[in-house]
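In the two complexes below, subunit A is the common chain; its partner is subunit B in one and subunit C in the other.
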Partner chain A sequence: MALQELHYTFRATEPQPFPLGWSHSGVVGSGDMEVMFERCMLDGEIRFKVVTPVRGFERVWEQVLGRFVNETNLADVSVEINDNNATPVVVLMRLRQALKEARKEAEG
Partner chain B sequence: MITEESVSWDSLLQDTRARLAAAAPYVQAGKQVAAADAVKLLEAVLRPGDKVNLEGDNQKQADFLAGCLCRVDPAQVHDLHMVQSVLSLDRHLDLFDKGIAKKLDFSFSGPQAGRLAEYVRAGKLEIGAIHTYLELYGRYFIDLTPRVALVAAYSADRNGNLYTGANTEDTPVIVEATKFKQGIVIVQVNEIVDQVPRVDIPADWVDFIIQSPQPFYIEPLFTRDPALITDAQILRAMMVIKGIYAEYGLQRLNHGIGFDTAAIELLLPTYGEELGLKGKICSYFALNPHPTLIPAIESGWVRSVCCFGGEVGMEEYVKARPDVFFIGPDGTMRSNRCLAQTAGHYALDIFIGGTLQIDRYGNSSTATATRIAGFGGAPNMGCDARGRRHATSGWLRCGEEYGLQQEMTGGLPRGKRLVVQLQETFREKMTPGFVEELDAVQLAKNAGLALPPVMIYSDDLTHIVTEEGIAYLHKCADMQERMAAIRAVAGYTDIGLQEDPQETAALRKRGIFKTAEDLGIDPARANRSLLAAKNMRELVHWSKGLYTPPARFHNW
Partner chain C sequence: MTDWQALQQKSFYEATARERANGIVDAASFTELAGPRDRMSSPHLPALGEAIEFDDGVVTGVGRVGKHPVFVISQEGRFIGGAVGEVHGAKMVGIFQLAQQAYAQLAAKGADSLAERLPAVVISFETGGVRLHEANAGLLAHAEVMDQIQNARGKFPVIALIGSKIGCFGGMGFVAAATDLIIMSELGRLGLTGPEVIEQEMGREEFNASDKALVYRTTGGKHKYIMRDCNQLVEDSIGAFRTALASALQQPYAEIARCRRIGSEALVDEQLALAELSCEIQPQDARDVWAYFGNADAAAIPEQTTADFLRTVRRRP
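Up next is the complex of A and B:
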């Protein structure tokens, strides 16, 4: 199935930096996804690029990513998601786990 | 006026004698009939329109006899009324294709659900009703008594005493209903022996035994490979253990089939242990011998397991744990589905399982518009047992919290079974788990059913667990509140997107909706490393080599 590319931009209320310059986690297995975070100057914004085979869920992606930004306040980071039919719950869980791992790694 | 001569009180018996006489040419020594004569035997004892029970549940199958029944002459044997637990083999539906059978009363049709729906549409098959197991067994003794039963056993002696062993399952209830109404019982056996290990069915309830060319088929239905358990399932399992099992101190349980409940079983020796719950929850089960329960049993969590059926590969393990399982004097397990379902209905504090669709009111079903899947036994456990009169703490507590208690009983103490549905808000291919209307409603219209096939009704459902959290539905005071609680757990489905955040916040305050964070659970910990066994090989290791998984699960 043809992949589609979705783009979303959010602005956190109390901007927090991503703890690492770059991180990668997850695998693009069926029902799963991989996510890459890259710290960059975005004037307090967070940008998502989602590559997904599933059509018709643009609004759900916006809600899920918006919720992640709301609870983490991440800013100045570019996020790339390669999705292979992950459900919203898996998306949110992978994002949270990726951030947790990055924090752990940053603490050394 | 009725004269004394015209009244006959044993017409069934006389009819049976005539049929047995017709079968006499095929009978060899004792009750034995050669496999090659099985079709002839069936033609001799069956009459058009007979109610016939063809044994087959979701595990063992009288598959040889099913094949023979497909080969009878439809000019001679036709319009049979099949009364049977499960439609699972192609042969079960071939009977209707050939015109040998016409009507069907049953419980479950998992693997044949699509073809069954097709046949109903095409007018090849008329459904009487879709039952739960206990309900169907009950009707065997009221208005669906089989005239002829075709059943399966491991072995028979030359007199016809049967050994049904770990897979006793439906056999006793079928044979008793049939034989005690003068019906005819035909058995396929894997072998004929001098002495059976124990007598599960006495010889005088059996008319014919046939040694089948192949052992009867058994489906390893309850085997779940831990390697396929996802992090989302682990998160839900953590919430169940902490937010429900620990919260209510639940000791008597049934786990529905699936990876969600497999995850719970595999978290008991790890996460459960960490929470200090050993001995406080999960001591008694009505449950098939789930391989994923092995680590909990080996860690000393489980005191007793009453099984509905056997599970392929678990025989030796079960035999070696007679303190836990129900083992006969011969040393092997007996499973009696009718008794286990009775235990499941009356003696449990909680049923927990997954489903396909939950509607906005909390009714749930596994039927879809093109699949008539049926129920099996789940609704017997997934309901409040209204006849229950013994108290346990979790059951009482759920009753105390019941929002309609005052209104329904005037405040008199009465407990409530916990009926919990585990639901993924979206399944694979982004199919929503929450819907406006159940597909079952459309299915009932398509198939001309008087009732939509609802697995669990809203008024029995007490909790829904999704990755969003737990809805404690029984605490709600009315349907409006209930629907709001369902919206709160429904995630990003259309139902969930109708959520009013203020309403959800109010429910959270009252403990009707709890998130993982509210329960003190860090979702980032929901990870496969928490599983006591991560694959089949580790299950075998936990069992000390006693569990031997079927070849298809043998992936190392």
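Up next is the complex of A and C:
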């Protein structure tokens, strides 16, 4: 079966900008993923595109990504994920890591 | 991006392709080309339902080592075992083409300028060879890279670094063999047919791929160093690989090209003599060969630290 593309849009309650113009992190290993953030004008929205071989987890993705938006309030950023069977815990951890790295780089 | 100084201490074996690419050239000198933002992922994998990566499993770019522009190819083993598909291969070829352009520009400025700033291509291998999902395109990519190595001969060095988890096997084992200089760590593994494929085709009695010690004795850095299939053996850190690379690039091109292990009539004779020797001594294990070349305590070699090993080892004459 072909790869699946999922799209999600969220709106943060107190919009925060992504700290860099763009950033990339992670490796698409087995059970892992990569993520790319790109700052762009989205009228306060945050958009996700997920490319994954796994089917039937649309709702879980929505919950995990929504949780990430709730805890970070990121807005005006496009997020692309290439997934290779990462579990929800790994997805959330990778997203947090990526943001932490981006903040560190923005300061540094 | 990770701090360059910290990368120098990092294990080469555990580093990602991007970390290796950044760490093997001078501080802050690496510029990635055709990076993740260019989204040059495989056009074949989505139809097969296989995960894609923005860089198709290879980091390509250019950096500096001293005055030398160094064109870098760094493969990522965690993505489909570092297997080479169409885009991955095209990115490798692109790097060789850029090195050719740099060479032509420097050559136009005269011999002195060229010698001082001679470009190099450095490949950090981590691959099992052809990506079977893209079989024909993957094979073609291997042929094209091989072509590029031949085009570089007599002009600028092509240097192989092998010390990552997957090792360097399959078609890319041939490609590595065709480079001018091979630098390995003892954790690096180099071969043509990978251990698991040998076991699958010839049976467990012939080769037990789950016997890690056997796999390392047969394909690992120490064995390759004794056999002169690799030229230099270094500690497992990005810094150690970078230091070895930097000192190699201080040599004139002719010296580096002399490190080639194949590619001349004399070297073919040497390899054939080695095949004859192997029929004569009928080794049952790599240790028999080590002992034959004068390593009295062959059984102790796998346990030695790289430094101790280098101090005492006897290599094939």
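Here, the second predicted complex is superposed on the first by the 107 of 108 C-alpha atoms of A that agree within 3 Å, B and C clash if a C-alpha of one lies under 4 Å from a C-alpha of the other, contacts with A are read in each partner's own complex, and residues count from 1 in each chain.
The definition used in the following text is that a residue touches a chain if its C-beta (ideal position, glycine included) is under 8 Å from a C-beta of that chain, and two chains touch if they have at least 3 such contacts.
Everything numeric here is computed off the predicted structure, so don't read it as measured data.
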item	value
Contacts of A:Val51 with subunit B and subunit C, given as first, second, both or neither	second
Touching partner for A:Gln97 - first (subunit B), second (subunit C), both, neither	first
First, second, both or neither for A:Gln63, with subunit B first and subunit C second	first
Partner chain(s) touched by A:Leu6 [first = subunit B, second = subunit C, both, neither]	neither
First (subunit B), second (subunit C), both or neither touched by A:Val27	second
Touched partner set for A:Leu42, first subunit B, second subunit C, both or neither	neither
Dominant contact partner of subunit A by residue count, subunit C or subunit B	C
Partner chain(s) touched by A:Val89 [first = subunit B, second = subunit C, both, neither]	first
On subunit A, the residue positions that both subunit B and subunit C contact, one per complex	30, 85
Residue ranges of subunit C touching subunit A (in the complex, touch as defined)	1, 16-17, 35-37, 41, 45-54, 76, 78-79
Contact footprint of subunit C on subunit A as seen in their complex	1-3, 22, 24, 27-30, 32, 34, 36, 38, 51-53, 80, 82-85, 105
Subunit A partner contacts - residues on subunit B that touch it in the complex	230-232, 235, 424-430, 466-468, 491-492, 497, 523-524, 526-527
Touching residues on subunit A, where the partner in the complex is subunit B	30-31, 54, 57, 60, 63-64, 85, 87-90, 92-93, 96-97, 100
